[in-house]
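In the two complexes that follow, subunit A is the common piece, with subunit B as its partner first and subunit C second.
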Partner chain A sequence: MHFIVFFFLPLVFVFTIFLIPSKFKKLIFYISLFFLLFHFIYFLYALFSVNIPFIYSKPWIRVFNINFSFYLDKISVLLVILNLVLFISGIIFSLTEIEEKVKEFLIWTFLLEFGINGIFMAGDIFLFFISWEFMLIPMFFIIYGWGYEKREYAAFKFLLYTMAGSVLLIVGILILIFYFKNTQGYFSFNIRLLSKLYIPPSLSGTLFFLFTIPFFIKVPLFPFHTWLPDAHTQAPSFGSVILAGILLKTGVYGIIRFTIPFFPQFVKVMSNAIIMLSLFNIIYGSLMAWVQKDLKRLIAYSSIGHMGFIILGIFVFQKEAFLGSVFQVFNHGITTGALFMIAGAIYKRTGTREIRKLGGLAGKIPVLAFIFGFSILSSIGLPGLNNFAGEFLILYGVFKKSVVLSMISVLGIILTAVYFLSAYRKTIFGKAKDFEVKDLKLNEVLSFIPLILLMLYLGLKPVTFLKNFKNTSNDNISTLNMIEDKGNEDFTARH
Partner chain B sequence: MKILPLATEIVIFTGIVLVLIFLIFSKKALYFYLIAVFSHIIGISLELYLLKKQIFTDFYFLYFSQETRIFALVVIFASLFSLLIFWSYTKKEVLNKEIPFLLLNSLLSMILMVRSNNLFFTFLALEYLSFSIYIMIASFKRIGFPYESALKYFVLGSFASLLMLFGIFLLYLDRGGLSYSTLGEGGINSLVILALLFLFTGFAFKLAFVPFHIWTPDVFAGTPFPFISFISTVPKVSVFGFLFIISKKLNLNFLNIVIISILTMFLGNLSALLEKNIKKIFAFSSIAHSGYILLIFISRSRTVFDALVFYLITYSIMQMGALLCLQQLDRENLTLDSLKEKGSLLLFFFSVIFLLSLTGIPPTAGFYAKFYIFSIPLLEGYNFAVFLAFLNSVISAYYYLRMSVAIFQVKEKDKPIKKFPLLIISVLFFLVILLGVYPSFINILLK
Partner chain C sequence: MAGIYALISFLSPFIAFIIIGLLTRRWGKFSAGISILAVLNSLLFSVLAFFQVKANPGPHFVEWLWLSQKIFTFKFGIWVDPLSSAMLFVVALVASMVQIYSLGYISDETPPSLGRYYAYHSLFTFSMMGLVLAKNVLELFVFWELVGLCSYLLIGFWYYKPTAAKAAVKAFWTTKLGDVGFMLGLLYLYKHTGSFELNDLLAKAPALSSGVLTTGALMLFAGAMGKSAQFPLHIWLPDAMEGPTPVSALIHAATMVAAGVYMVARLFPLFAASKVALWVIAIIGAFTAFLAATMAIVQEDIKRVLAYSTISQLGYMMAGLGVGNMNAGFFHLFTHAYFKALLFLCAGAVIHAVHSNSIWDMGGLLKRMPITGISFLIGLLALAGFPPFSGFFSKEEILHAAYTAEFKLPFYFLVAGVFLTAFYMARVFFVAFLGKERKESAKHAHEAPPSMTIPLIILSVFSIIAGFYKSGLYKLLGEHHEIHGASLPFLPLVSLGLAIFGFILAYLYYGSETFSAEKTTKRVFPVYNLIYQKYYMDHIAEWIYSKIALGLAFLASWWDRHIVDGAVNWVTYTTGRIGKGLRTIQTGVIQDYLVYIAIAFIIIGFIVFQIF
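Take a look at the complex of A and B:
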């Protein structure tokens, strides 16, 4: 019951904010911050009052036998927590960045949170799709309304690209549902029920692409990545944090939740191709980041490289690599979130994001420079910080599968160090440009604190995190192992 | 009680007569509107009563079944909202006082059309409808170019009627009768195909299917907003209702409906991309929506009816809502740029919801409506057509959202909205959200 209240709370928040007159800008901010903290605490409370996996279901649309249902396993919980943490940090940070149309901004923020939570909590593929589509609109308006100079182009590119992906997904869902109806005699949108369905090879090929490309667009994997640099660069800091921290992860979540359990056989067939693509992603993203002139664009391309690691870890089908990928989903969210906030802070102070025009900031804004350095080291994968553990696990799994693959993918980490450290040298050190800059304000420092603490804690003691997920990865690996016997077993007997 | 099934028609006819009588005593538009609204409301309650009592019979040329009753109910509902929108229109000098009278006439004709049991009677009802609309267009004063619009609509409409009449004649030649039961008998030979081709072409004119859609943008651009929200919804409901009933008797599949439908969608949406005039954008988008609806006629399963009714209701609500929001800006020649001048936060909020619903974004009703109607061709195996149809909603997302962001950027924020339109908008908004999050509501209401 608590999770249902948790799910609908953002709508209450939206309604409350709607009633406050728009001239009380700071008040609206503080109230919504309070709401977010309350939401977070309420989630933890709800978490401890139920067993995980949490299952809830109620009839919704009878014509198609659609249920309003939740299914929260550990991965869902992890992503919801990441979502809330980034929202809290992002809103604290935005307190000084967003000055116009504050009320609208916060309304869209809560609607965005509502949609994202729906994606991770859905137990019914219909609810998942609704949230998946719904989420685009607040994000579109956040980019459009509060973004930088080329925001219109970026916002529409982001929206149309992802909506085109959703078209494939909805057609895939409909084909799958009707196949289920034809074989089982009744409609079902239940994710767990659908994942037990045997899909013949003739159909699973088409369905695999319909179910994978939308997620690859979101991740993004190489040929579908072009929306990302524009959207990330033009979005306001808060938008970039949520885009990189959460929206990319919805793609990974979709792959873990749908693609692999639904089409295990076809996934195995296609895995080598996807591994190649993700390797290409790592190298391509890193090389592109190296040549970027715009700081935010650089971080955006670094995201492409890091997401390549996550996809690689999932598709090598090794227990350790899978675990590493799940861990990396969380780590990348925190680290990239922090980096985008730093880029936003630098832009706000200097009025430019171009690396060439920046320089010698270390003396003027030491706190920002320290946090920037810390986050970069985390992103590179310095031992003792969070990314190291995740990337190490992925590389370990890849190494078990193939030495050559792991050698190529290590190249990505080296390249990360190359481009991030050189960018850091050019912006923070180097010849000082005559900027009149002030250091971080209190709210900005506060917004970085949870992220930095998490980076440190997860880096020093990853075991506390990883032991929770041992079983989850086992489940998914066993899904892969039972590929062979899936066709032989009678569906109804198992159910 | 032989005339009990006819109660709705009688009530609306009485309303027409009452308005005529009142015209002698008073020239106040308020009375006409009141009479019209009351006859609508009584009509709705009678229709619901007769539906619940299941009074289904034949009456000369009329046929009362559950389906025709539901279609009539939807038509009256849409017409009622359209009437209220006309009433709430602030530029009263543009509208003639006879608008309620003409609306009642068109309503009667539409009800007769969906209830008709005979093709010739359908034709008469359609002509009756067209005449009400011709007069309506020509009666708008001091706005755009109503006479040009009226003439265009009249010439093309007459031409469509001509084609239809020729089709009916050919059908008569083959079947020896025009009642639907006669039409359903016997196979399909080349004469019947020719006849249906003519008949369908006539209806394609009325519903603006490609390539017979050219009149729509011109007519829309020359008429005021309330009329656009009328003509793009209410007649569409009745004509699609008729098309559904006739397609049950005569198989229209040989007409390559899929190709016409896909072409209509693409042409409508792609033309709307290039437009800057808001009214023309709505004209093209209504063409595209006709294309979406046409796609379900390739199936003859039971669910077609439910999906069609759901889509028509949803479409009427969201189209009227969006147009009513834009109507509040008090500008008739709206373009994408002039949208940015005035507005309010509330208006922005409402119009975004309606435009998103037209795009088909959840959790608004538009999404579920699209989901529902596109699931039907998929069941028949037209996977690629459905893919193209969904792709079209992405194309439409571009121009619908361009409108929303134009309203989003308004400079003057505090344009107050009048109470009466706000009430109608709120009701429509409530319906859009309700049908989106709980679509079973319609089924509960009608069963």
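Take a look at the complex of A and C:
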């Protein structure tokens, strides 16, 4: 019950904000912040009052047997928490960044949150798809309304690209649903039920692509990545944080929730190709990041490299690597979120994102320089900070599969160190340029604190995080077992 | 008790780091005081731990859980045994000397940056001790990366100097190149032994097949090559001299760069089980020792001479390990730490006085700065291997082991290195400390303040006496894995003869100027230039970095923007064009539509008739 309240609360918030006259800008901000914090606490409260995995279902459209249903396993919970944390940090940060159309901004923000939560909580493929589409619109408007100079191009590119993926996804869903109807005699949109369906090889090939390409666009994997640098660069800081921190993860979530359980054999067939693709992604993204002139673009391309790592960890089908990937999903959100906020803060102070024009900021804005350095160290996988444990687990899993693969993937780690430290040197070190800059404001410092604490905590004690996922009988990892088991047996045998 | 003592010693710099970092960074002198107190405390407890270990060699453990789940269990802990406690003492001693010395050396920094300096120093000392005391290889790797980070931060301490910032990045990624090899090596060994614990690894090592052992050992050695600046990954160390001199003394001479050697010594049974791995280590070490020594001859910057000398001496240590005598390699690390730190601190005092790094700006400094000059001479004699200074004993051990090894090539490199070492060090001494002042600035040089000279004196004492501790250290380390050969009395004579010859030759060139260095240079100009250009290795590395890797990145960027993204934009553009094109057939004239319908019927008709 609490989860249903939790799910619909953003709409209540939207309505409340709608009632406040738009001239009370700060008031709206503080109220929204309060709402978000409340929402977060309420989620934790709801979490403690139920068992995970949480399943809820209520008939919605009876003709097609569509239910309004939730299914929250540990991965969903993890992503919802990440979502809320990034929203809170992002909104605290935006307090001084977003100065115009504050009310509209916050309304879109809550609608975005509503959509994203829907993706992670949906137990029914219908609700999933609606949320998937719903999320695009607020994001589009946030980029379009509050972005930088080329926002129009970026917003449309983002929207069209993702829409193109959605078209494939809806076709895939329809084929799947009707196949289910034909073989089982009734409609079902239930994700768990669908995942038990045996899909013959003749169909699974087509369906696999229909269900994978939309997610790969979101992740994004080469060659579907070109929307990302533009969207990330042109979005306001808050938009970039959510794009990189959460929206990319919806792709990973889709892969874990749909692609792998639905088409285990075909995934197995394709896994080598996808591994190659993700390795390519790691190297490609890192190389691209290296030569970027724009700081935000650099961080955006670094995301491509890091996401390649996550996909690699999933598709090598080793427990350690899978666990590492789930961990990295969280870590990457935290770290890249912080990096985008830093880029935004630098832009706000200097009026430029061009690395060449920056320089010598360390003396003028030491706090920002420190946080920037800290986040970079986290991103390049310094032991003791969060990314290390995840990357290490992935690397171990990859290593178990093949030594050569792991050797290629560590190239990405080296390149990450090279481009991030070079960028840091050029922006923060070196001769001071004559900027009149002030250090971080209180709200900005506050917005970084949760992220930095998480980086430290997860780095020093990854065990607290990972022990939640250790039990193999748990359904997260059973996704992997399914690949081993499912296939020969038919649909009724399991669960 | 030894475990607890070591733990206190290990944690006290960390506490200093936290205090300075969070609270007292703004008050420079106060932070310096905290940091120095902490490190002296470390020194005290490391001595206590050392004596405990001497009484009961242990090993002693203290451990706690870091990461545990079904697949991995990692415990963090400290492992105190003779090797680690001896190394702990070295780190604590050099670190405390350097920190005291720094008080005088960088006293004109602003308070916040002084605070930052000491915060980094405390973090470094903590990390280095963690590396030394690590109980499993994963932990070792964690601290291994952390010392790399501290090195990065401290090289780039004067971040507003572009050269320093560049050198910091270069150091980081060059060592990172080795580190990933190390990381893969850890995973590889874990795959085959199922453990990261040092004692498990060492216990299981002999049972592994030789192929596995060799591969694993060489992967680990890649890490050691990066950290300990072995050819061809040595290129970062000379550039790292852009950092403050005390940093060079502590990190880039005595402790961090020795971490690679320490790691090999720590895992020595594993390396020793693979003949090929040892052979590679011996060859690379000996070759590095020789190559770096040749480069040291032509350097003009006093710190760079010492940097190349460090690379060369690290080569000696590696070679000592590689020829199978772990004790000799570690013993050289033990003595080298004192005299090389001493030499660097002397160089720092000189640079402080003359405000220049070039030896050609100095001259006649011995009489103006007697304590520094004499300390430098002591360090020099120790480094060049004159008895009874410590370097003589440890170098002799390595040469002895190399001579008795079945494979002789490393020995010749090392012996040639002895001559070169004496020559380049004597050159610096004659040019910088003797003769007349070469520049105006040298005439105004003054002896350094006591905070700088006292550490020099203490380190001088250690540089002299450390050599006599050989039998004590060997007894403590155990005589295992040593290759016993017949006593070879002529070996010390040969190496001493070579060293004296090098010394005299340097005197003839730079002291009495009987020979003209310039003329000789001209005569062998191609060779001189090759060495002066560092064998073009920096150029090659730079070329790989900027032309190949960066070129590839630019190419990829062009491809991404124009081909991949171009395709995307083309699709939208074409769609738009098609839409525009199709709009023109929407004329609104009913006759046109009738024509379209007719055409459609004809086409459909054709299709239908062809099919059926």
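Throughout what follows, the second predicted complex is superposed on the first by the 473 of 495 C-alpha atoms of A that agree within 3 Å, B and C clash if a C-alpha of one lies under 4 Å from a C-alpha of the other, contacts with A are read in each partner's own complex, and residues count from 1 in each chain.
One rule holds for everything that comes next: contacts are C-beta pairs under 8 Å (C-beta built on N, C-alpha and C of every residue); 3 or more make two chains touch, one makes a residue touch a chain.
From a predicted model like this one, the values you see are computed outputs, not experimental measurements.
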Which of the two, subunit B or subunit C, is in touch with more residues of subunit A?
-> C
A:Leu160 contacts which: subunit B (first), subunit C (second), both, neither?
-> both
Who does A:Tyr284 touch here: subunit B (first), subunit C (second), both, or neither?
-> second
After superposition on the shared chain, which partner residues are touched by A:Ser406: those of subunit B (first), subunit C (second), both, or neither?
-> second
Would you check which partner chain A:Tyr144 touches, where first means subunit B only, second means subunit C only, and both and neither mean what they say?
-> first
Counting only touches as set out at the top, which of subunit B and subunit C does A:Ile61 meet: first, second, both, neither?
-> first
Pick one for A:Phe129: touches subunit B only (first), subunit C only (second), both, or neither.
-> first
Tell me which partner A:Ile170 touches in the superposition: subunit B (first), subunit C (second), both or neither.
-> first
Residue by residue on subunit A, keep only those touching subunit B in one complex and subunit C in the other, then list them.
-> 160
Listed in rising order, the residues of subunit C that touch subunit A in the complex are 65-72, 112, 141-143, 145-146, 149, 152, 156, 159-160, 162, 164-166, 168-169, 172-173, 176-177, 180, 183-184, 187-188, 190-191, 549-550, 552-554, 556-557, 560, 564-565, 567-568, 572
Touching residues (chain side subunit A, partner subunit C) in the complex = 157, 160-161, 222-223, 225-227, 284, 287-288, 290-292, 319-320, 323, 360, 362-363, 366, 377, 382-384, 388-389, 392-393, 395-396, 399-400, 403, 406-407, 410, 413-414, 417-418, 421-422, 425, 428-432, 460-463, 466-467, 469-472
Please name which positions on subunit A make contact with subunit B in the complex.
-> 22, 60-64, 103-104, 129-131, 133-134, 136-137, 140-141, 144-145, 152, 155-156, 159-160, 163-164, 166-168, 170-171, 174-175, 178
Contacting residues of subunit B [partner subunit A, same complex] | 303, 306, 345, 356, 361-363, 367-368, 371-372, 374-375, 378-379, 383, 386-387, 390-391, 393-394, 397-398, 401, 405, 408, 438-440, 443
